[in-house]
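Please find the structures below.
Consider the two complexes below, in which chain A is the common component and chain B and chain C are the respective partners.
Coming up: the complex of A and B.
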């Protein structure tokens, strides 16, 4: 039986891990909620963020990479929307699901062509590359920084969507695209912008996660599955749902490592199964565009 | 007219294939070229190509050139499906395989079923020389019992208590089980805990906190492949190495290279199947490798390159000595083989009782930064355990190695 100290330190770590997961999931959730797209290439964008951080760290340092890499990934997202995704608006959501999955697979191969097959290491920024002794827990500085960065990015995204005028237009576009067009808004441009923004979020998550989980070609698909489950648990397309889902998975993982470490990887599936039994649309899900 | 033309083309091309097949000796190599273990396949390919180049430069085998047909091993089922096709359609004479224990287990069964020789180049699973051992299958790397026999006595010198991080599949479980056996034989080291880590784990923060709370003297890490890179990064991130000694019974150079020179400092002791500093021949092999692959992903040959090289060398040397490509004759020859060019301290031998290829195992520790000669020169040799001293007793071999008709 773990002692009190261990329980507290594990739960603290679970919350921080959950914030990091939420950051990965939030862009995936947003593109689903706002555009009705299940973007299986979100993991690829995450991986691209991490790889760009790896390459850029030698030239512009970690913080330079944190700014530049997401911008590049955002532009790649815009290009992706412009070339592929916009052809499928208004069609069965399954089409875009298959398309983005294909893009993800092809993208992984392209990553291998450019950066090779072996894992790469990204160093944590100098100010956070050590650990702090809190007495009850010795914790990684970088994870604390990451949790703060995740909270900040999530908060800023929420503000942009819920409080800003642009956010109102985006949300109106989800509910009534026709009316938004009639009001003179350039809907295709807005959609491209939103997709690019979610790509940017994915890229930012990749940069932030790079020093932790080591950078390798399969990391995109590795990240996609937890992100998808978190969105399912939190509620399809619900912004705060994905944050809640991330936190729940983080804490559940910490608890399972304390009591049943062998089954730690099963916890998120069990959690998803239990949630879906009682809340078929996820915890905070509403009737979504996919129904 | 058209038919005659087509028939002529078909005949010519069939004839061409037949001559081609007779002209060269063909090895089918099923190694991981994609997915999580793709980076290991890269190393294996380097080693196979080097062996081939040397053998062909020396006149080939039985006066014929040797060629290799590469295929991505994929899953166990995919590997045997491809192997069947290569055997039936492509005229492959021998197989070598990578891709870990599950692909190797399937390939061992494939070899027995088809009476064709297969050498496994990268698994460390005990089962392959026990229950799964058979007449046509050979294991090149040391299994977990040999690793434990070589490594644990050195670990015991580091402290009085150990904690295991065990990858929760056949490899990790076998490693920990065997190391625990040797610990019990030694007697005065206490095991204070074990955490089983599911395959595919990316975040180890919870496990690291649990290990720290258990306060062992030594943390033994039996985690392999791409998961281990992430684990090592996070042991570094949490500074766990300040509280305990980190020991890795089987460290791939691919992993230590991936995490960068600095982070290797945290590793107190590691086991490797090969190091270029163990003999002059090993050094010379490293130099040849660097000359041939100046832009390789890995600046020095890794264990996986060396095992692939040695596997192909010993196989072809046996075929040459047997004067035949026929499986039965080559198996008989292999069972009595000694490869002097082992790139280790002692020659490589093959044990007839279970088809374990017996080779030395090397214990290393991090080299002080001031003494390093190059960016890859991260480790120095602590000791080399002779293969004959660490291989499990022959009496324990239980498999039936006779030909079944």
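Coming up: the complex of A and C.
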């Protein structure tokens, strides 16, 4: 039986893991909502963020990487949309699945060519590479920083979507992109921008996660599968659904690591199955673009 | 101002418009009349380039075909679709602001204050979500949102459809106000008496063809034609 300290520590780890997954899921869900596209390459963007953080840390330090890597990933996203994705709007969703899956696979190979097959490590920034003693528990400073950074990015994204004029265009586009176009807004440009923005979010998640996550070529897939399930659990198109789903998966994972470590990898699938039995559209989901 | 020359339109392999030619002059209100499925809505959709079509569509002499819908909106064509297409998760004011753009000459005659003057009801419900509006409120919002883009012509697809008679009167009054302000209007309407009270000229549609062009006065005096248009 795990002790009190272990339980608190594992649950906190779970929440932080969940916040990172939520950050990945929010971007994934936004592309699904605005463009009706299941972007299997979203995990690749997460991985690229982490790998760029690895390479950039030697030149500009961790904080430099935290700013520059997401911007580069954002630009890669814009390029990806411009070259591949935009050809497939309005086509059979299967085309996009195959295309983004192919891009994800090719991207993983490219990562191996550039950075090799072995895992790389990114150092936590100096100010947060130690531990804090809370009296009853000693906890990693970097994990707390990670939680704060993820929560901050999620909060800023929500503010942008809910309160800014740009956000109302994106929300309108989620509901009826054609009408957005009829009102005179450049729909292709909006789509490219949204895709680039979600790439930036994915890249940022990758940088924040890098010091604790094992930075290896398959890490994109390691984040994508949970993110996909989180969107299903939280409900397609619901921002807070993705956040809630992320936290649930993170905490459920932490609990199963403590009590049933052999089944830990199964937890999120069981969770998704149970949620779908009772809430077929996910916990906070409304009628989705895929219906 | 708007001219269609020999337009044919298709849904997949089915042709739904045959050789449609019509024109709308500046400051004019023109109605398209005919039964359901006659091709009136498709005419508006073709103008916005939302359906596959051939033939020429000219706005102030320059072709619209091949342009993207947002580009067509930018040159001054406002479109109010029949399903209103209000964004349900945006407030009334956010819906309006989304439509905001300067006219092609850079002037913005329609500001949010001006819109609230013409649609006082919308000011009262400015903070309400688009998804929580009555049919009449949605229709007002949809028209107001199109006006926020300062169009030179506004195409209204069945604005009175499914609304209570009192609301229909309000809407007719609003469209009459637009006419007084020399707005060019292309109106698709099943409600023949509403259409005749607003439009100077009408095109009669039947099974994808235009079968006649008449002044509203001519139609008003022709009982058999009116009966045919009313579908009784």
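Keep this in mind: the second predicted complex is superposed on the first by the 281 of 291 C-alpha atoms of A that agree within 3 Å, B and C clash if a C-alpha of one lies under 4 Å from a C-alpha of the other, contacts with A are read in each partner's own complex, and residues count from 1 in each chain.
Operating definition for what follows: contacts are C-beta pairs under 8 Å (C-beta built on N, C-alpha and C of every residue); 3 or more make two chains touch, one makes a residue touch a chain.
None of the values given here were measured: they were computed from a predicted structure.
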By the touch definition at the top of the document, which applies to A:214: first (chain B), second (chain C), both, or neither? first
Tell me which touches more residues of chain A here: chain C or chain B. B
Name the contact category of A:120: first (chain B only), second (chain C only), both, or neither. first
Is A:97 touching anything from chain B or chain C once the two structures are fitted on A? First, second, both or neither. neither
Touch check for A:263: first (chain B), second (chain C), both, or neither? first
So, A:7: does it touch chain B (first), chain C (second), both, or neither? neither
Pick one for A:105: touches chain B only (first), chain C only (second), both, or neither. neither
So, does A:75 touch the first partner chain B, the second partner chain C, both, or neither? neither
Between chain B (first) and chain C (second), which does A:222 come into contact with in this model arrangement: first, second, both, or neither? first
What part of chain A is in contact with chain C in the complex they form? 165, 168-169, 171-172, 174-176, 178-188
Chain B partner contacts - residues on chain A that touch it in the complex: 2-3, 5-6, 9-10, 13-14, 16-17, 112, 116-121, 123-124, 130-131, 137-140, 142-143, 211-214, 216-218, 222, 253-254, 257-258, 261-266
Residues of chain C that touch chain A when the two form their complex: 48, 50, 68-70, 73-74, 79, 81, 85, 87-90, 94-95, 97-99, 101, 145-146, 149
Could you please specify the touching residues of chain B with respect to chain A in the complex? 34-36, 38-39, 41-42, 168, 195-203, 205-207, 209-210, 212-213, 226, 229-230, 233-234, 237-239, 243, 254-255, 257-260, 263, 297-298
